[in-house]
Amino acid sequence: MREMLKMIIVLTALCSFSGGLLAALRNETMEKIENQQLEFVKGPAIRNILKGSANDPIADRFKIKDGETEKSFFVGKFDGKAETVVFESTGKGFGGDIGLMVGVNVADDKIVGVGVTTHSETPGIGSRAQTDPRFAAQFKGLSLTGDFKVKNDGGQVDAISGATVTSKGIAVAVTEAAKTYTSLKPQLAEKLKGFK
Amino acid sequence: MAKSVTQEFTKGLWAEIPPFRLVLGLCPVLAVTKSVENAIGMGVAVIFVLVGSNVLVSMLRKIIPSKVRIACFIIVVATFVTVVELLMQAYTYPLFLKLGIFIPLIVVNCILLGRAEAFAYKNGIISSFADGLGLGIGFTMSLTALAAIREVFGSGTFYGNQVFGPDFQPFNFMVEAPGAFVCLGLMLCVMNSIGKK
Amino acid sequence: MSDRKKLIVSHAPFLHCGSKISTRSYHIMIAALPAVLHGFYLYGIPAVGVVALSISSAIIWEYLINRLTGKPTTIGDGNAALIGMMLAMLFPATTPWWAVITGTFVAMVVGKHIYGGIGGNPFNPALIGIAILTLSWKNIFNIDYALLNYDFGFQAAYPLAALKHGGPAAVDSFNLFSLFIGQQTGSIGSAFGLALLFGGIYLIIMGFIRWEIPVSFLAGLLITSLLFHLSDSARFAGPVFHLLTGNTLLGAFFLATEDSSSPVNFVPMLIYGAGAGVMIILIRNIGGHVDGAVFAILLMNLANPLLDKIRPKALGKVGSHA
Amino acid sequence: MGDYVLLAISCILINNILLMQYLGNCPFLGTSKKMETAVGMAMAVVFVLVLAGAITWLTEMFVLRKFGLEYLRTMSFILVIAALVQFVEMFLKKSIPALYAGLGIFLPLITTNCAVLGVCLINIKEEYTFIECLVSSFAYSSGFGLALILFAGVRERILLARVPKPLQDTSIGLATAGLLSLAFFAFKGMA
Amino acid sequence: MLIHMIKKPYLKYDVIDPACKPVIIPVPGKAVIFFNGISDGKKRLLFKAGDKVKTGQKISLFADSAEYAVATVSGTITDISPYVGNFGKTCTAISIDVSEDDFDDSFGKETAGQPLESVRNYLSCLPGNLPVNNLFDPEKKISTIIITGIDADLLVVTNQHIIKSKQGEIKRGIEILKSIPGINNIVIAVRREFVQGYGHIGAEIRNIDVRYPSAFPQLIIRDLLGKTIPAGKTPEDTGICMISAEAVASLGEAFLHNRIPTGKIITVIYKDEKKLVSARIGTPAGDVLKALNININNGDRLITGGPMTGSCIYSEDYPVLPSTDAIMIQDGNSIEPFSDYPCINCGECIRICPANVPVNMLVRYLETKRYQEAAEQYDLYSCIECGLCAYICVSRMPLLQYIKLAKHELAGIKLTEAANV
């Protein structure tokens, strides 16, 4: 009995000690980790889309409520004007969700670039959506409105051969982005005005 | 039987150098030795966890009842692993991404539980510290050596720096999965032949 | 008692049929020679160089390893030369010298000698060599890329690459008979189907290879490709095309039949051969490699120990055996 | 349905956990010297991994995510798996002694096995649904079993070959595992 | 040549030339007789050097043992000493200085009253080795006798000669065998060429295939009786007794002439030639060769038995034994040495083995001395020791030697285990 008690006490104490330690550490590092994640997971795509911007888009980000959730927007300043924003959207690919950064110029509603952030597509097949710049390049200059579809389905997107599923997923993500953009445009414009 | 602290330390560097002498914990060895950078990162993480858990287990060895000792070891090791995970995410995020699930998998690395069970639970704090540090450094050395071979031939670089001329076409096999196994196997062979003498 | 003779004492049997490892090796090399000569004819001096370097370097590696491990020299059995030759047949004629040497090194060391030399290897050493090199230097072993600067008197695209990229429509223009008589690009020893077929039949007749493996190999390949072709002829090429291109015939007669890595019992030989044939088509039709022969055979090498457990009941064996 | 089949094929062959993802090497090398132990280990891993995959998925979704405790994932998974194995062991011993006799000695080994924890973590990382998680756990563990049994066949022969002394045992085992992995490149890009 | 595609060419038994007559070898000046069993130094010997023996006299060396040898010559014992044969088998060699034949008649006196008793008491050393102990062992329950009119090994034609030339003796022998209680079936296994004249012999006559090794007991029983002998068991364990034609003929002869026969028919194989001889049991091999003008040189091999299963002997002094069906001389230059190459897994042995033994795997286990596994999983005991695998092996491994050694070692292990229980 005494032994049993000791076992329970030791285990509980150890668990609480460990839990406490970790919780404390977690609080300490939470912000840093979030920054790091943005920087290294989404950062490359964002910076690629906003190449040449005068500011640091990751530092200059803000959030807008989109229904239930909050969405982050990353601002790029070109020629002194903060007219370009980048935000994330998702579509379903072959291996799971595909995260896609879409950059749009608020002035003319044109896409300035897209870039895949996270995906679990097959290396060498679907993953070419992330690595092959030609695929992303085709979206540049299109207007961020309406539906995006692959050519097989009668749309405008050239699919990556052998990875039509991935390509469709990305088309869906852009379509989603268009929806979000259309619905949030007023608040966006508002926020951007406050930007110097 | 009783060894000096120095002996406890140095045994991990040669006589019992993991993973060659204690053939355990092979997965990370195979997975993270594509490049020297990954290897050193992994090595440092392991040193941290190994030393930390060895010391903590040794400190608590009088209190921990033997029936639940394995559970306690797991908690201790997992705690340190989580600490490493959080710290790496906060400060060396790209490395964290490269090492992937092999950081959380340090938890099940046979070396750690093995050391807690075989050494720290039976020895004093100083010896346990020396033991953990020695084995950890030994492990890092092995990883780095293997990674150096694989990176130099397989990618033509060392710690990211070009080694050969621009015309060199790297021997990709070395950094692919099959090459990892074959290189480790052959390295083990070399260690065996040296050890014999 | 003084005139006692010194007699030799040894054990039964006191007769031997006279077969030798070296005989086998040299016969296999002779059987493969016509296909190699055709390679010389197509690709000229570079092909001669690759073959010569491959065979000689394989022999030199074998000798060096013999010295290193302190074992008697075994280059006399011809096995090293044979491995060098098989490997050379899998190389494009343009393979650079250092890749040839690396290839024979890998084949001899990783493929053969870490297992203690002849007879111990679980995989065909030549295939290990070519697989590792292909994995490392894709461009060197991409036939289309490698043979870019050649001028042939016939359609020069590598048939299997054309099939992979363009589908059957892209290979319609290949004349099957021309393919059979070697008017196609490929590795040095794989193009001349006719010669490989004759070489194979010669080996079967001479008893150096077991007919079950090539026959079931080709049957598996033909049936699988036929089924694919029937299911969707717009996507999958017909059986004869697969038979005559790539390393099919080389694989069936010279690579899958390597002794140490292939089964010896009747049923396992059939399964092994058929399995390799089926895998080749799966890889070519729905897989990632252009030609599946190398990996298909390696995969069946892997299954060999399990397959070879299927064997007839021994005399007087009580109870059943798998 | 087709998706699940593709997922299963991918996990068993193309992304084989042992040969392509380097997980589970210790039991792979440790239990492949004899066919019987290899088969026992293969079955034990399949058995435990499916249970562990399911239970860790539930833990993640209904405990960790709910309370924002994702940072405790490593800790909680390993404890859950350890407890599960303990429980399974006790259960089998009492209820299905025949199965216990077969799997018993392998179960404790599995607690500290990268393959089990690794697949549970992969399931979460890949954001699988519950069904996908079951399929992937089963397929990954079957892939492990397949590789292990094939390897055991090869290894039984290598034990009889005249392997040079310094290469014997683990060394040649690893090199052969490499060639096994090379052969599995046959499946690369298969779709 | 096309035959290779389906089957390898096979080895055939020689069929004896009907004109063949054995050369009679003169009685030697010195003879050696082997006695089963050795003195442990304590037992009192009933014979000693200097004792005189008569032809046909029973020699029981030890007072408390039923074992005996039969003197095949008359003369004076010069030496009694232990002899160690292959795989450590031991026996006692009795050397005799030969004088004029002087026949012992105790057998002749006893035959009349109790023929079977006298078989037991006098005929266990007949030319051709009549298995007296098995025949009369109540434990074995022998019900079938197979008379082999063809020698198991290649090139040896001794028993074919007997079948052809000793019909009368064989008939008489069969009559005696039939009178043994329990025997209900006697089969003669011969080549088809020799069945003429065997119409009313009281035994079933069956043909043996020409393909080596179909005259091995296990295969004869399988092919003629449709029975299998479980691996590791002997024919006697299943109630079948194999007797060579020569033993049956000798048995018949003993009763026809009331005297124990002492002459052994032997096939002498030398280079590409083959001769039949008849020699006294106990004649040194060297005397046989001398009589045939065969010279044997340093580096040659002298083999008792045939080329596939015989065994080498160390010296020309080794005598003709009741079981010596052949003597083979192999020229030193033609000897194909075994090599120490490993098995390359060519599978030739698998395809040639009549017993379906997985020789390629078996030899791997035997090389690494894993005898137990070899026996349990790789059918060591199914091997009938025909030697074909070693004959065909591309790597020239001494396969048969490995197999025999393994069986010997395992028997040793079993003995020590039994002793420890």
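Remarks
Chains here go by letter, A, B, C, D and E, matching the order in which they are written, and residues are numbered from 1 within each.
Please note the rule applied: a contact is a pair of C-beta atoms (placed from the backbone, for glycine too) under 8 Å apart; a residue touches a chain by one contact, two chains touch by 3 or more.
Being a predicted model, the structure only gives us computed values, none of them experimental.
Shared contact partners of chain D and chain E are C. On a Cα centroid basis, the chain most remote from chain D in this structure is E.
Ranked by separation of Cα centres from chain A, the top chain is E.
More contacting C-beta pairs link the chains of B-D than the other of the two pairs B-C and B-D. Rounded to whole angstrom, the centroid-to-centroid distance between chain A and chain E, based on C-alpha atoms, equals 89 Å. The distance from the centre of chain A to the centre of chain C, each centre being the mean of the chain's C-alpha atoms, comes to 50 Å. Centres computed as Cα averages put chain C at a distance of 48 Å from chain E.
Separation between the centroids of chain B and chain E, computed from CA atoms only, is 67 Å.
Contact of a single residue of chain A with at least two other chains is seen at positions 18, 22, 26, 124. Listed for chain D are residues 71-72, 75, 157, 161-162, 164, 167, 172, 175-176, 178-180, 182, 185, 189, 191, each touching two or more other chains. Shared interface positions of chain E, defined as residues touching 2 or more other chains, are 342.
You'll find the chains touch as A-B, A-D, B-C, B-D, C-D, C-E, D-E.
Interface of chain A with chain B (complex): residues 3, 6-7, 10-11, 14-15, 18, 21-22, 25-26, 29, 32-33, 36-37, 39-41.
On chain A, the positions that touch chain D within their shared complex are 18-19, 22, 26, 95-97, 120, 122, 124-125, 162.
Those residues of chain B whose C-beta lies close enough to touch chain C in the complex are 169-174, 176, 178-179, 182, 185-186, 189. Chain B meets chain A in the complex at residues 60, 63-65, 67-68, 71-72, 75-76, 78-79, 82-83, 86-87, 89-91, 93-94, 97.
Residues of chain C that touch chain E in their complex: 4-21, 24, 77, 116-120, 204-207, 210-211, 259-262, 264-265, 308, 311-318.
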